[in-house]
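So, here's a batch of structures to check.
Both complexes below contain subunit A, partnered by subunit B and then by subunit C.
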Partner chain A sequence: MIANLIDGLLWNISLVVFAVGVSWKMLSIIFAKRPVDLSVARASSIPGAIKTVFTRFKPAAGMASRIQMKIVAGYMFHLGLFALMFFAAPHVRFLDNEFLGFSWTAMPHSAFIISAQFAFLGLLMLWLYRVLDPVSKLISTTGDHVASILTFVVMLTGCLALLESFSELRLLHRFSVELFLIYFPFSSLMHTFTFIPSRAFTGAWFGRRGISS
Partner chain B sequence: MSERLERGLNKLRAQIDSKVQSYFSSCVHCGICAESCLFYTETQDPRYTPIYKTKPLHTLWQQEYTFWGKLSKSLGFSKSLTEQDFADWEPLVYDGCSMCGRCSMVCPVGVDIAYIIQKVKEGLAAAEYSPDDLVQATKRAVEIGSPMGVKLPALQAQIRHVEEETGMKVPIDVVGADYLALLSSMEIMNFPEYIAALVRIFKQAGVSWTLCSEAFEATNSGLQIGNSKIAGQLVQRVVDGAVKLKVKNVISPECGHAYSAIRWGGPNFIGKAYPFKVVHILELLDELQQTGRLKTSGLEKGRITFHDPCQIVRRGGVEAQPVRLLKSISENYVEMTEHGHMNWCCGGGGGVSTIERAEDLRIQVFKRKKSQLDELNVETIVTACANCRLVMEEGLEHYDMDIPIIGMTEIIAEHLVEN
Partner chain C sequence: MIKFVVSRQLRLLPGLLSVFLVLLFISLPQPGIADEHQKVEGISNKNPGADLWRNVRQRDQELLGSLKSNSQGSSQVKSVDSKMLINQQGDLWARFRMEQLIKYGMMSLGGILILILVFYLLRGRVNIDGGLSGNMVHRFNSYERVLHWVLALVFLFLAITGLTLLFGRTLLIPVMGHELFSVIASSSKEGHNLFGPIFLVSVVLMLIRFVKKNIYAKGDLTWLLKGGGMIGKSHVTGGFFNMGEKSWYWLVILIGLLISISGLILVSPNFGQGRVIMELSHVVHAAGALILIAVSFGHMYLGTVGTEGTNESMRTGYVDISWAEAHHDRWAKECHEKQLIVSAEQYAKLQGRNPINSEDSLSLEKNQ
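Right, the complex of A and B next:
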């Protein structure tokens, strides 16, 4: 009964909430009022927008030494999580069967272990910053902590599910993913998508002034 | 709810555009921006974290644009903004931010934090939570025409001195000139050498130019305090003067925020495009030099560096020109480790230098510039903003550093090949 609910109705609800929520949020940002800049542009804003979407993957000049550990933690977490999401064997199979109808080579078990270690360590470091670093502590919100905890639970249950010894563990993982998907559009997890318009807006602004950002 | 609070909230509400929504939705509260801000690096006070300075607008956005924010407000878990919040953020935003925009260069998700801080200023100013010094400066700018209270007779007196010193005429109210040169009050009162340099350079380069007796002030207190309406009023004066004299171009002087106001903000403040072009004096000097109209001779021998004014370089896009100009007249030009669009602010921009109570903080954050200069061991600093110059002179004096500062236009004029 519970298994059916988690694998069926709840899964469908969470997917709809995620898809509608994310689309609604993105559209409401893109179509919200945006005053036209009447000053004469020095250069086109479009190359600036495109460029900044990519350049911000790298820390700004002179900043690397000041934020070293935050960069390391951020990259460990995001790359680790990306690898787990799209290259863990059960996920590749799942995406093939449920959504795409095609698959790609999954990573070997050893790579899975390394990715998981990266993701966990990265997340733990980022969370430690949140609770210990005076700056991050001051600016972090309850929502940020909920997002960290949910992500941690999803990753933990995912690793446990991989053992595949109990189908309950797989169900638990799926349930945590469902909570994650439902929470996603209403939280700072949205930065996964909104970072693109944010970087593009800023890049366009700098671009039309002829500034490299 | 008091009337001023309501005015402030309405103003803040009106600031939420698509960029603000995108930025607040993207911020992951990583705190990286703190490390780019001299008010944080030099004080280690987390309240000076750039994104924290935007909190009043963030709170409003959260409560009115997000699901959890709306829910927690309706259940009474989160409090609406109060006058106390406005009072608490006033010193953080006005004294603790020079609007240098360095934070906007480093945010990994691309938040233009300075853009949001300017919007917070609009809300604070509407609620009348702005430092009195800035309020008075703005009043003087509106009523007298200059934040320092400089009137036309004072300019005329300086013009007379310049004419005596150079033996050249300073053109004023010349109809049909190609360029209308604007000045900052600080240039008129503290650095009239700038006017003398203009006269000499333009004479050699054969530039047709003029000053305008009705619109000589370029600075814009409206921008600094965060009142777009007043900013528009001040810009309109320049537009009227330029139209009356039928000039083709307006020259922004060596003043950072004046350039930002007249070049970039201006048309938006008045709601229409200009019938003339705006150039910064550095752009014009560079163009004159590149086209062979401005000829210099001789090279500065000692170690010399350029302090990039934030609003001209980082937020204004005039980055390559000052370097080219300075290299053309010096043989020992050295760059600070973080320079150009990543240069560190002097600490006095955005109106901070006008606020008397912010003086200690300004001197404290000047340590950033001091350490940049300590590394370089230069004999001369060149800059292109009268405000940066004054702020740095005070900072250098406080820290017993004996390095002369000179304006770019002035040093170029010193190297002119006399006709």
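Right, the complex of A and C next:
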């Protein structure tokens, strides 16, 4: 009964909430009314937009030494999570069977373990920094903590079910993914999708004024 | 007429039912009779191979007894231990694990917890003489605190999953049954293996970060002889880290490295290590972890309810100057000399709180 609910109805509901929520949020951001810039453009905004999407991967020179730990932990977590999501053998199989109808080469087990370790260590460090640093603590909301904890739980349940021997563990992982998908559009997890338009918008604004960013 | 026939048949029903039950009972197998029958005519179905294996085992034991080490035979299989028919040390290891490690491990951890409880009931919380001043001094930066908590959280996770695997058969199976325990044991094993290397990385980072401040210095022995102030009434002197903290640090580093290396040997059995190395690694891993867990109970106690003002250091990075003077007087003196002390109001601002109505101001008012 619970297995059917998790594999069936709840899974479908979470997918719908995720898809509709993310689309609605993205469209509302893209089509939001903004004040018209009446100034004469010094340069085209497009190169600035494209450039900024990539240059922001590197921290600003003046900041780098002060935020070393956050940079290292951030990259560890995001790259590790990306590898786990799209190159873990069970995920490649799942995406092939449930959504795409095609697959790609999954990473070997040892690479999976190392990616998971990178992701866990990075996430732990980032969340602890959020809790322990007075400035980060002040600007963090309950939603940010929920997002971090939910991400951790999804990763943990996935790794605990790695042996693929117990359906209970797989169901636990799937259930946590469903909660994650439902929470996603209403939280700061949306930065997964918004970081590109956000950077592009800033870059376009700078580019139009001839500022290198 | 019909009514009469039916009622007559109904009267016969109990009798017919009784006959049926008697017949049923007779037709069932009678255990007492069968057992007796088996006892009389039991046959001895002896396994013809049993004697051969018994002889092989006996021969190996004799060879071991005459100090010729584990006997080596010949085999076409080219792999580790393939020439060894019976590993006698495997029995020793299994017996040690089941009869000593689990039993004494549980007793040690339970004993330490009881000792701490008794100590707390007798001594209570160790308060700072004259109370906290409200004036603070910076002790640990964000990176150091993050590092401490990463290590602590990973250690706790490893301790819980490791103890589940070690004591689960004895403690958890009787409570939750085999089926649920198998799920928990499987997930504990996966989680334990996954987080183990993160613990190693944290230990190495901890070693690099704090090694300079943890080298033993003059005065540390006095601290030890006076039991960190628990024995006698005179004040014990300490630097940035006192003797107790330094010893805990080195215990974490050395035993942490030992259990990490032995854990890596256990989790990667495909690097040519034989059974004996695996068994030894297991013993070192379990014994080291039990020691570290037992001592960590003391560390957690002293860092939370045991001593006033200690947990601030790893929460906010600041400690009260009165706390520093009580536990780390040489370092506190340095802080005074370098004028590193911040007032309660400044501290509240640094923590992003309103100095008026902040907890620090209130506690300061109380102390005054």
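By our rule, the second predicted complex is superposed on the first by the 213 of 213 C-alpha atoms of A that agree within 3 Å, B and C clash if a C-alpha of one lies under 4 Å from a C-alpha of the other, contacts with A are read in each partner's own complex, and residues count from 1 in each chain.
Definition applied: contacts are C-beta pairs under 8 Å (C-beta built on N, C-alpha and C of every residue); 3 or more make two chains touch, one makes a residue touch a chain.
All values reported here derive from a predicted model rather than from experimental measurement.
Trainee: Clash or fit: subunit B and subunit C on subunit A?
Mentor: Subunit B/subunit C on subunit A - fit side by side.
Trainee: Scan A:Ala32 for contacts with subunit B and subunit C and give back first, second, both or neither.
Mentor: first
Trainee: Anyone got the angle at subunit A's C-alpha centre between subunit B and subunit C, nearest 10 degrees?
Mentor: Between subunit B and subunit C, as viewed from subunit A: 120 degrees.
Trainee: Figure out whether A:Met69 sits in contact with subunit B (first) or subunit C (second), or with both, or with neither.
Mentor: The answer is second: A:Met69 touches subunit C but not subunit B.
Trainee: For A:Met1 in the superposed arrangement: first (subunit B), second (subunit C), both or neither?
Mentor: neither
Trainee: Kindly classify A:Asp133 by the partners it touches after superposition: subunit B alone (first), subunit C alone (second), both, or neither?
Mentor: Both: A:Asp133 reaches subunit B and subunit C.
Trainee: Applying the document's definition of touching, compare subunit B and subunit C: which contacts more of subunit A?
Mentor: The larger set of subunit A residues in touch belongs to B.
Trainee: Rounded to whole Å, what minimum CA distance do you find between subunit B and subunit C in the overlaid structures?
Mentor: Scanning every C-alpha pair, the shortest subunit B to subunit C distance is 5 Å.
Trainee: Take the contacts of subunit A with subunit B and those with subunit C, and give the residues found in both.
Mentor: After superposing on chain A, subunit A residues 129, 133-135, 137-138 contact both subunit B and subunit C.
Trainee: Quick check: in the complex, which residue numbers of subunit C touch subunit A?
Mentor: Of all residues in subunit C, those touching subunit A are 142-143, 145-146, 149-150, 153-154, 182-183, 186-187, 190-191, 193-195, 197-198, 201, 315-317, 350-352.
Trainee: For subunit B, which residues count as touching subunit A in their complex?
Mentor: Checking each residue of subunit B against subunit A gives 16-19, 21-23, 25-32, 34-36, 40, 46-47, 49, 51-52, 66-68, 104-112, 115, 263-268, 271-274, 277-278, 314-317, 319, 337-338, 341-342.
Trainee: List the residues on subunit A that touch subunit C in their complex, please.
Mentor: The touching residues are 69, 113, 116-117, 120-121, 124-125, 128-129, 132-135, 137-138, 156, 159-163, 165-166, 168-169.
Trainee: In the complex of these two chains, what residues of subunit A are touching subunit B?
Mentor: Interface residues on subunit A, with respect to subunit B: 25, 28-35, 37-40, 42, 52-53, 56-57, 59-63, 66-67, 70, 74, 126, 129-130, 133-141, 143-144, 186-188, 190-191, 194-195, 197-203, 205-206, 209-213.
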